[in-house]
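See below for the structure under consideration.
Chains: A, B, C and D, in written order; residue numbering restarts at 1 for each.
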Amino acid sequence: MNITAQQARLLVEAAESKAAEIGAPVNIAVLDAGGHLKAFSRMDGAVLGAIDIALGKAKTAALFEITSESIWDFCKPGGPAEGLQSTNGGLVTFGGGIPLKTRDGQMSGAIGISGGTVSQDFEIAKKALDAFVS
Amino acid sequence: MNITAQQARLLVEAAESKAAEIGAPVNIAVLDAGGHLKAFSRMDGAVLGAIDIALGKAKTAALFEITSESIWDFCKPGGPAEGLQSTNGGLVTFGGGIPLKTRDGQMSGAIGISGGTVSQDFEIAKKALDAFVS
Amino acid sequence: MNITAQQARLLVEAAESKAAEIGAPVNIAVLDAGGHLKAFSRMDGAVLGAIDIALGKAKTAALFEITSESIWDFCKPGGPAEGLQSTNGGLVTFGGGIPLKTRDGQMSGAIGISGGTVSQDFEIAKKALDAFVS
Amino acid sequence: MNITAQQARLLVEAAESKAAEIGAPVNIAVLDAGGHLKAFSRMDGAVLGAIDIALGKAKTAALFEITSESIWDFCKPGGPAEGLQSTNGGLVTFGGGIPLKTRDGQMSGAIGISGGTVSQDFEIAKKALDAFVS
């Protein structure tokens, strides 16, 4: 089942709360299972270039149903699918994009975070995910 | 001065509240003065095609510093600038996009609403604007 | 012969001077005979949406070696080339784009002005042209 | 606060002066804090391919608020964000793009230089920056 507006709001709030706690202003993008924009928030201080990256991480996670960094295993030099990252209008293959699934494993959407370091972005996305599944 | 995350949140909430009141689920796009995405929310029930329209209305209002429907006077058949709507990657020239200005008239951003009838979209955008300036 | 940097500078200055005189802040785009950007200036107060239009007017004049509004005769409803305006990545078919030619009629480049009314833009482009040919 | 036309003109003139001094004709792109074109100049003799690079360097610096070459640390092979250079419609990750900030650290715009060697481009951008902050 597709993510609801209420769930998207909770995800954004959880991400913003974690981001504020660690002092990393970020962009938060929430897409539905079809990869369409559901909610977005750019915190004050997040660089403009991270808007597109947050959207790209979420798109990557939504389209492939795995985390954005997992795609890297396929398209890295010597990987089985070099160039994969250029498909679908461009994928983002580092951490911060996570698919959202229901308890029974159905795709519900994806979240993408960008604005901090890659590990901060990943940490924030992970924390938001906790708000989603609990 | 560019719109803040707090102001964007109030705009989204005011728009969602008005939209719920009149029974018209919509997409709400808030951009900064440079036309960059600041906040977005798609209410449950809003059609997918209205995502791009909400973003386009807000972009049009941000880039030209007037309401989206005002652009139509320029580019309508027989108007002084036919084809204007094809510039800037495509403009949206009907109601629902409104520029956000500070009390002293400086551009701060823009809001775009789409999902209801054009008059509903306009009404919701107008109501949200009240939340911004008050 | 292609326009020189010195000529481009004089064009921009003449346009800015006329624009200031009539109180219409504009964008000024100068392209060479190949349609490549040579000089650009956005005056304070010109709307962001007019950047793309100034560039588009100049491109249209450079590619077809006539004024931007002359293209409209071809592509207007009922004209001999409806849809022409969608070619070349999009043309701008209202006033403000003028080709730059040497005394012996060779293409040298084009200028595009946008930010005022269409007649103001045209007037400014025309004035700049005087600086070029004299 | 966004860069003014007067500041942009001084930046272009300082860059052109330095470029002439070292004999490296370049393209100079100046963007505002939102990444929108404010001023541009192509010196006689600069290759056409460097137009897009100057614009790209400035865009990269504007969107990420750091020098263009700093982005390379993130997206180089083995870096934490491989593929980052493909976001935002393509970034330029070598020297010559520098963000412009006010004395109190607020983003004001960015400059991008291309046409010489990378070290020449960087040197010219740096020299122009001196004109901006002094």
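Just so we're on the same page, a contact is a pair of C-beta atoms (placed from the backbone, for glycine too) under 8 Å apart; a residue touches a chain by one contact, two chains touch by 3 or more.
Just so it is clear, the model here is predicted, and its values are computed rather than measured.
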*Could you report, rounded to a multiple of 5°, the rotation needed to superpose chain B's C-alpha atoms on chain C?*
90
_Centre-to-centre distance between chain C and chain B (centres being mean Cα positions), rounded to whole Å_ = 30
*If you average the CA atoms of chain B and of chain D, how far apart do the two points sit, in angstrom?*
32
*asked:* Rounded to a whole Å, what is the gap between the Cα centroids of chain A and chain C?
replied: 43
*asked:* Rounded to a whole Å, what is the gap between the Cα centroids of chain C and chain D?
replied: 25
*Which residue numbers or ranges of chain B touch two or more of the other chains?*
34-36
*Using the contact definition from the top, classify how the chains connect: line, ring, star, complete or other.*
other
*Please name which positions on chain D make contact with chain B in the complex.*
32-36
*Contact footprint of chain B on chain C as seen in their complex*: 47-49, 52-53, 56, 72, 76-77, 85-86, 90-94, 117-119
*Would you pull the chain B residues touching chain C in the complex into a rising list?*
34-35, 60, 62-65, 77, 80-84, 86-89, 91
_Give the list of chain D residues in touch with chain C in this complex._
4-5, 8-9, 34, 36-44, 48, 51
